Amino acid sequence: MNTGVFVLLATLLVVAALGVVLARSPIRSALSLVVALFFLAVFFLLLDAQLIAALQVIVYAGAIMVLFLFVIMLLNLQEHPAEMARAGLRFLAGTLASLFLLATIYFTNRSGISNAQGMGAIPDGFDSTAQIAERLFTQHLFAFELTSLLLLVAIISAVVLAKKKLA
Amino acid sequence: MTAVPIGWFLILGSLLFSIGALGVLIRRNVIIIFMSIELMLNAVNFVFVAFARQLHSLDGQVMVFFVMTVAAAEAAVGLAIIISVFRNRETVNADEFNLLRW
Amino acid sequence: MMEQYLSVLVTFCLAAGLVGTMVGAGRLLGPRSDNPVKGESFECGNPSSGSAWGRFSVKFYMTAILFIVFDIEVVFLYPWAVIFRRLGWFGLSEMAVFIFILGLGLLYVWRKGALEWD
Amino acid sequence: MGLEILIAAVKALTVILMVLSLAGVLGWVERKGSALIQDRIGANRASIFGFAGAGLVNTMMADPLKFLTKEDVIPTGVDKLLHTLAPCVNLFPVIVAFAAVPFGDTVEIAGRTIQLQAVQLNVGVLFVLAMASLGVYGVVLGGWASNNRFSLLGGIRGSAQMISYELGMGLSVVVVVMTFGTLDLQEIVRAQGHMIGGILPGWGVFYQPVAFVLFFIAGIAETKRVPFDLPEGESELVSGYFTEYSGIKYLMFFMTDFAEIAVISALVSTFFFGGWQVPFLGDDGFHFGSTSMALPKLIVVLLQLASFMVKVLFFCWFQIMVRWTMPRLRYDQLMRFGWKGMLPVSLLNLVVTAVVIVAFQEWRV
């Protein structure tokens, strides 16, 4: 049952991800990505990461992808014929990607973790928001404060870049 | 979900990452390249969460917060750049962004 | 634990089924008759002036960017809100710094006039 | 396993039927309520044997049937797939969000404790907000797929408005979470069961009146109704993003509107008005100070259910009254109010709340 759920969700996820790369029209591509992000959120839920699952939908699907859709509509991007890379580059890219995938499978097998009998039970309170918050606001305090600077820079540069008249 | 070993998650994560990388390499539309990068970031998030579950350590989940923030900042700035380039050159094809090329 | 995920899954499936059934039933039960005038886009009776897909104001795009940034702020606030009692003044000051820095961003955007619609 | 699936399915079906019938009832209440305000009869053909109240049956049964048998016109030159997808992604998140709201306490049937809540998550608050944030897609896609100027303008306006007010909404929810210290909707309702000083119910609104006002305003803006109905302003944009829809798809957009009203009402009563809590009512009956009145468990559960429904219906009615009382804002006023009004005020409210709670640690719910 569990394995079945995994395979089903994984198939849907991979199909959606392929949709992002292969769809001709950018808007379909963006929607495929939304679907893929949604299935990722379902995976997070099943991995006992409820908080992350909800935030995944709020941040990625609810905010970032809306921005992508806006830009696609703003620039009125339709299908474009000469849009794929040259055949040689396509072949190279495919080879590299499959090599990477094969390497992962090989090393996963060799390390023996995939033979383990599942992930086992979780400790009590592992999925509670309070524990993640505890980590985030004590151990990772510095990184957290730095993100505010990152966001500040993002706001300023977006305003500067996107405004029509620069002073 | 406890019956599925971590290896499967790793392989699925790397499959997603490869698909994203493929998108970056074969598509010429800058916006789709951007979306493929988002996909790659998400593949990494996925592996973080899977390892957090396997190792019973919440640091993996905390890391997802920061990846999300970086992805958001990247999307905001990147798309602003695309818009301002489009204003000047009327294109979003990565091959035609060649003013800085030599 | 399992109960929680089951409830989410079942609700999703039922809601999706309902939505799908509605669209499907509408397709089956509704009559069909196509003609070129009916297929025109509705512009209050005037002949259609062609495709509507064009470019629109960059203002909307600025709104979306600002939304992303402040949405991230809110996202950090949820876990903080759960435990800020336990963290006390320490947690308060650390969040105060975070909000202050993003507040500077809001102030900048405000002063630059990116929030104006004219 | 099978039994658990069955229980979950029964609960989910109950909630879905609840939200669908609420949408139907609201359609009727809106017609009759607007008539009341404008001093006319309104929907006067929808009666059975001269009894206007029976018109409700008409709106709930005849209307959907009529929409089902109408032609579904898909204009030429539209994106057909997205055109069909848009009403679905519009309706789906609203229904699912409603399912996360608890409509009663636990009941025990045959030795099994059942939560009266269809989607039970530790992060219920975030689940609801996540679904609310998906609502943008129905609007944007409906507007884009129709290939119509009115639709596109309505869709873009609508999505920009929704994301702007989502911030005010999110920040006021953060304040609620701070007050109750949990992200579980059922826990939030349970925390509102006590009495302040023995007379006032311990509802969120008495702790966070500012957050209540902000949340309610943002909620009305999220439902895109007057005074925030720019995306579908009839006098400017025909029907906004669903101008090019007909038949069942139009009904789906229409239902989403009313279901959204129901969701906002349910959330307002959960966060600020004690959800299913009845003042003075405990697990075993009423307690007024020293006197008490014992009641069987079944009656208590039914009273709590009724309390939830009454609160939800009250706020639905209130939103309909607002719609027929207020004039429409201009778009620049709407965006200015969202970014320069709601956002700073809700940030300020958050900071003040945090300082007060930390300074007086004993001030807790």
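Each chain carries a letter (A, B, C and D) given by its place in the written order, and its residues are counted from 1.
In this section, a residue touches a chain if its C-beta (ideal position, glycine included) is under 8 Å from a C-beta of that chain, and two chains touch if they have at least 3 such contacts.
Fair warning: this is a prediction, and the values are worked out from it, not measured in the lab.
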Chains touching both subunit A and subunit C, listed by label:
B, D
Of A-D and A-B, the pair with more C-beta contacts is A-B
By CA centroids, point me to the most central chain in this structure.
C
Can you check how far apart subunit A and subunit D are, centre to centre, with Cα atoms defining each centre and the answer in Å?
30
Centre distance in Å when subunit A and subunit B are each reduced to the mean of their C-alpha atoms:
6
Quick one: subunit C and subunit D, Cα centre-to-centre, how many Å?
16
Chain centre separation (subunit B, subunit C; CA means) in Å
21
Listed in rising order, subunit C residues that touch 2 or more other chains are 8, 53, 56, 58, 60-61, 64-69, 71-72, 75-76, 78, 82, 91
Where does subunit D touch two or more other chains at once, residue-wise?
121-122, 126-127, 144, 152, 156, 159, 163, 166, 183
What are the residue numbers in subunit A that touch two or more other chains?
46, 48, 51, 55, 58-59, 62-64, 66-67, 70-71, 73-75, 129, 132, 136, 147, 151, 154-155, 158, 162
Which chain pairs here would you call touching?
A-B, A-C, A-D, B-C, C-D
Name, in rising order, each residue of subunit A that touches subunit D in their complex.
27, 31, 34, 41, 50-51, 53-55, 57-58, 61-63, 66, 69-70, 73, 127-129
So in the complex, which bits of subunit B are touching subunit C?
65, 68-69, 72-73, 75-76, 79-80, 83
Subunit D - residues contacting subunit A, complex
79, 82, 121-123, 126-127, 129-131, 133-134, 136-137, 140-141, 144, 152, 156, 159, 163, 166, 183
Residue numbers on subunit A that touch subunit B, as the complex places them:
2-3, 5-6, 10, 13-14, 17-18, 20-21, 26, 29-30, 33, 36-37, 40, 43-44, 46-49, 51-52, 55-56, 59-60, 63-64, 67-68, 71-72, 74-75, 77, 80, 82-85, 89-90, 92-94, 96-98, 100-101, 104-105, 108-109, 113-123, 126, 131-132, 135-136, 139-140, 143, 147, 150-151, 153-155, 157-158, 161-162
Which part of subunit A faces subunit C closely enough to touch in the complex?
45-46, 48, 51, 55, 58-59, 62-64, 66-67, 70-71, 73-76, 78, 129-130, 132-134, 136-138, 141, 144-145, 147-149, 151-152, 154-156, 158-159, 162-164
